[in-house]
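In this document, chain identifiers A, B, C and D correspond to the written order of the chains, with residue numbering beginning at 1 in each.
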Amino acid sequence: MNKTFFIVGGDLRSAALADVLAENNRVFAIGFDRTAAMSERVQMADSIVSFSERADCIVLPLPVSSDGITVNTPFSGKSISLESLTHIIKEDGIVFGGLISPEVREIFEKRDLIVADYAVREEFAVLNAVATAEGAVQVAMEELATTLSGRKILILGAGRIAKVLIGVLSGFHTDITVAARKCSDLAWAQVFGCRSVPISGLEKVIGGYDVIFNTVPAVILDENKLKKISRNCLVIDLASKPGGVDLNTAGMLGVRTIWLLSLPGKVAPVTSGKVIADTIGNILSERSVSHGGN
Amino acid sequence: MNKTFFIVGGDLRSAALADVLAENNRVFAIGFDRTAAMSERVQMADSIVSFSERADCIVLPLPVSSDGITVNTPFSGKSISLESLTHIIKEDGIVFGGLISPEVREIFEKRDLIVADYAVREEFAVLNAVATAEGAVQVAMEELATTLSGRKILILGAGRIAKVLIGVLSGFHTDITVAARKCSDLAWAQVFGCRSVPISGLEKVIGGYDVIFNTVPAVILDENKLKKISRNCLVIDLASKPGGVDLNTAGMLGVRTIWLLSLPGKVAPVTSGKVIADTIGNILSERSVSHGGN
Amino acid sequence: MNKTFFIVGGDLRSAALADVLAENNRVFAIGFDRTAAMSERVQMADSIVSFSERADCIVLPLPVSSDGITVNTPFSGKSISLESLTHIIKEDGIVFGGLISPEVREIFEKRDLIVADYAVREEFAVLNAVATAEGAVQVAMEELATTLSGRKILILGAGRIAKVLIGVLSGFHTDITVAARKCSDLAWAQVFGCRSVPISGLEKVIGGYDVIFNTVPAVILDENKLKKISRNCLVIDLASKPGGVDLNTAGMLGVRTIWLLSLPGKVAPVTSGKVIADTIGNILSERSVSHGGN
Amino acid sequence: MNKTFFIVGGDLRSAALADVLAENNRVFAIGFDRTAAMSERVQMADSIVSFSERADCIVLPLPVSSDGITVNTPFSGKSISLESLTHIIKEDGIVFGGLISPEVREIFEKRDLIVADYAVREEFAVLNAVATAEGAVQVAMEELATTLSGRKILILGAGRIAKVLIGVLSGFHTDITVAARKCSDLAWAQVFGCRSVPISGLEKVIGGYDVIFNTVPAVILDENKLKKISRNCLVIDLASKPGGVDLNTAGMLGVRTIWLLSLPGKVAPVTSGKVIADTIGNILSERSVSHGGN
C-alpha cells in the first residue's frame, strides 16, 4: 500500500495491527508509552505536535472512545483529543475506527474527512468468530472436570459464531445439537454433522446436555428452560447484551453460567489486531478500485 | 401429520418421499406402474378415477412437467394431465411441486388451490448441497489416477455447495484454495481452513491446481484462464446454466472438463426424496403455526 | 458385574471411578473424609474395621503409594496401611492399582491375592491420551496471544499422544509438521494430513514454528536446536521424565517452555476415573472369559 | 540420489514411479512398448541387450512375476526373463521388487545381489491404505442410492486401513461403529470419535447398519451374522484372501457384497507408483546411513 499511517491509542490489538501495517507502509504510533508491545518497525511519537508530516490514514481503536471526546488509550497516561487529530491528517485522508459513534463520526465528517468503521464489515465479524469460538472452547476446557471429548453439547443459534464453533469442536468428538428458529439454519446444522432441534422444542430436550453455548442475543434460557438444565451443565454465553441467559434466575437455580464478552481482544489480541489490519487493507483496496486510485 | 397424500409421477425421489411420508400419513401413488421401487407402505392407484377419496396434499415431481400440460412420469407409460388433478384434491388442499412454472401454477391457483414449491426453499437447497458435493467428489475420484489425498484443489465460489464441498473434502487432506469476489466470502474460506484468492487474482495462480470445482453460474473459466490451467487438471463444473466454463474453448485446448447437472436426483435419489419430504413437512408445519391448524 | 468393590484412597479420579463402578456393583469407599466429591451411590466407610464384609475387589489409586507402606489418601487425614487391606478382601479377590511398585505388589502376592495394574494396559494409555492432548491444547490457547488457527505447529514424536493431538487440533486449522525417526511414523503423519520431517533433519526447519509439542521422553530439544527456535515460539513438553527439552539451556536462551506432567488427573479427573473403571471392567471381563467365571 | 535405475515391466504404477525417480536419477525403462504413459524424463529401451551400461538399481513390479521365470509386463508383448536381468546390474547393485517369492529372490541372491522387497515395508502399507480407503469410499458412493452423509457404518477391524477409512469418512458425517477384538483397538475407535463393539457382541447389533466395510482377513461375516444384516445393507470387503465374508452364503441370502482387492494399483496407480518410489528412497537412504555410502 505504501501509505503513512498514524495509529492512535488502543490496546494490544492496535500494537499488533501497527506491526502488520508496517510491513508495507510507514507507520507511526502514539498512546503506547506504557507498553513494550509495539514493534520496532513502528515509529513512536510522544505527542500530536511531534508529527512532522500528515497522515494518509489514522487508525483509532475498538471502541474508539469512552467519552466521545478523547481516544481510548489504555497504554498511556496522556489523553488525546479526537478533535486534535483533524490537524494531523491530509485533506483526503481516511479515519479508521471500530464501532464509531455518531458523535465521533461527526467530529471528522464536518471537516470533510472520510470515516470508515472496520468493525461493521462482514469479513471482520467472520474472522473474529474464530477467536470467539476458540476462547469459548478454552473456557469450557478450563471449567470442565472431564474431557470435551464425549460431551453432549448444545449450541443456541446457527450464525457465524455457531458455525465456527462447530468447526473448532470437530476434532474433539463431541455430540453437538444446534437449536435454531429457521428451517434453513437447522438444515445447515445437519449438513455440518450436528443434530438439530427447533427453538420451540428446546424445553423437552434441554436437560440432556453437558455444555450449552449461547450465541443468540436474546434471552432464550428463561426460567422454564433453566429449571430443566442438568445441575452439572456448564452454560457459556457468547452473545452481546442482553445475552441469552436470565442471569438472576440462573444464579438462584445454581446453573453454572459464564458470560464471555469481547473475547477476540482478550484471548487473541494479536490475531484480532491482524484482522483489523486486513479489514483496513480490504477497505483501502475497494476504494482504490472504485476511485481508480493507487 | 396424518394427512392424505397423493404422489403423482416422478422418479426414484418421488418413490422415496412417498415412503417417508407414509410413516405418519395415508399415502397413495400414481404413475409408478413400471417400477418396483415403491414401498409397500404406499397404496398404488391405476388411474386418477380410481381414487375413492380426495387428497389433502398432492405432491408433484421435480420438475413438475415438461410440456406444462402433463405431469412428468418417467416410471409410467400413461400420461396424467395436470388439469385432472384439480378434481381429486380437497377444496383447501395444497399442491406441492418442484420448480413450478407460472403456467402450471395458474392451473391450480385459478381453482383457489394453494400451490407450494418445495424446490425454492432455502433448507431444500442447503440439504441438497450434500448430495451435490458428494457426487462431485465421487466423480473426481473416478477420474483421477491419483488419490484425492494430497491434491491441490481450487473451488470457485463460496456459497452453499462450496461450503459443503470443503466439509466433505476435509477428511481427504487436500490443499484447498477458494476463489471468490467478496471479502466476506474469502474470510469464510480462511475460517474453514482454506487458502483464499480474489477472483481478480485468479489468472496468476490458476496453473497450480490438480482439480478445479466450479460452483458459480457465470463463465469464470474463459479462454485466458483456461490457457493457463495445467494439462493434468480436472475441471468439474457444478453450476447450473450457463455453467462456469467456456466449454468450446476448454474442448479446443484439451482441458478435461465435466459438467455435472442435477446431481442429487442422480447420485442420491433416496436422500433427495427424503429432503423433499422433510421440506414439505416444514411447509406444512409453518402453515399450521401461522393458521392455527393441526 | 455385580461385585463388591472397596475403593481405598486416591483423588477425584477415584471418586469418579467409584461412581461409575456403582452403576452395576456394590461400592464402598474409604479415605475420602475431606471431600464432598463422592457420589451418593457409594457407601462411605470410616475405617478399615468398619467394613462388615470382604471385598471381591480393592481399587487402589494411581500411584498407589508414596512410601510403599500406606495408600495415597490426599482426601483424608488418616493413614491406611497397605498391609491392613489384606484382611478385608476375599481369598480369591483382586487388588487393582495404578503403577504398582514391586514392593507393594509383594505385600498382596505373598497372601496369594491377585494383583492387577490398570495403568500398564494399552487401552488405559490410549484413552488417557485424549485428556493429555486436550490439556496441551488448553494450555497452548491460554499462553498464546493469537488464535491457534493459522499457527505453524511442530509435534515431536508420532505415538499415541501425537496421533490424538493431531486429531484434536484438526478443527483449528493449524499447519502441523510431525518429526519422527521411523519411516512408518512419518508415513502416518502424512496419512493424517500433516507435513513430516525426520528427526535428523529437524535442525534445518525448527526455526519456523509457533508452537512445539514434544511427546518423546528423550532430550530432543538440545542446545543446538533450542538456539534456532523462534523467540516467539511456545514449547509444550508432554513427555514423562526426563522430558524432551534441555530445560536449563531453554531457560538461559529465553525459550518459553512449559512441562506438563500427568495431565489426565489434573485437567480431566472425572474422565480419567472413568477410564480406570472401564479398564478394570476389561480386566475382569477377560478374566471371566479365560477362567469361565462370571 | 543420482543413481542409474532400470525399471523393468509393470503397469501404470511402474510408469509413475519411473517418473518420480527420474527427478534425481538417470532412469531407463523396458517393457512399456504398448503404453504412452511413460514420462519423457525416462529413456525407453527396446531390449535387455540395448542397455549400454549397468544399473545401480533394478526395479521390478508388484507382483514381480506370475511364473517365477519372467517379469510381469502387461504393457509389452515381449517376455523378459528374470535371469537375464542379472547381466545388466552392477555387482553391488540392488534389485527392488514387490511381494518377491523365495524362488525369484533366489535367482538374484545366488549372484550375491542385494534383493529388497518394497511391499513388505510398514510405510508402504501405511501410505497405500489411503488409496484403499478412498477406493472403498468411492465404490460405496457409486453403489448407494443415498448420500454417505447420515449413514450408519460398521467397520470390521481397527488396523491401518480401518484407521485411514475413519479419517476419510470424517467429512461425510456418517455414524461409525468399529468392531474389534482387542480392548486397545476398541479404545482407538473411541478416541477417533467412533462407537465401538467387541467382535463377540457383533451379532446383536449387526442388523443396524447401512454399509459394512471389512478389513479383517478372516471370515467374520458367517451365516449367523449374514442372516441378521439388513437387506439394504452394502458389504464392502477390503481384506485379502480369504476375505472376511462367506460369499456363498451372502449370495444365497441376497446380501449385496463387493470384494475389492488390490485397490491402490487400480484406483490410484500414479499415487501408488509414487509410494513405491518413496519407499525405495527410504530403503536406499537407510542403507546409505548404515553403510556409510552416499
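Heads up, the rule we're going with is that a residue touches a chain if its C-beta (ideal position, glycine included) is under 8 Å from a C-beta of that chain, and two chains touch if they have at least 3 such contacts.
Treat the numbers as computed from the prediction; the structure is a model and nothing was measured.
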Compute the centre of every chain as the mean of its C-alpha atoms, then state which one is farthest from the centre of subunit B. C
Same vs different contact residues, subunit A with subunit B, by half of numbers used: same
Calculate how many whole Å lie between the centre of subunit B and the centre of subunit D, each centre taken as the average of the chain's C-alpha atoms. 37
Centroid of subunit B to centroid of subunit C, CA atoms only: how many Å? 49
Multi-chain contacts in subunit C, i.e. residues touching at least two other chains, fall at 130, 149, 167, 170, 173, 191-193
Counting only contacts in the complex, subunit D reaches subunit B at residues 12, 130-131, 134-135, 137-138, 141-142, 144-150, 167-173, 267-271
Quick check on the complex: what are the subunit D residues that touch subunit C? 121-123, 126-127, 129-130, 164, 167, 182-184, 186-188, 190-193, 279, 282, 286
As the complex stands, subunit D meets subunit A at residues 149, 170, 173, 191-193
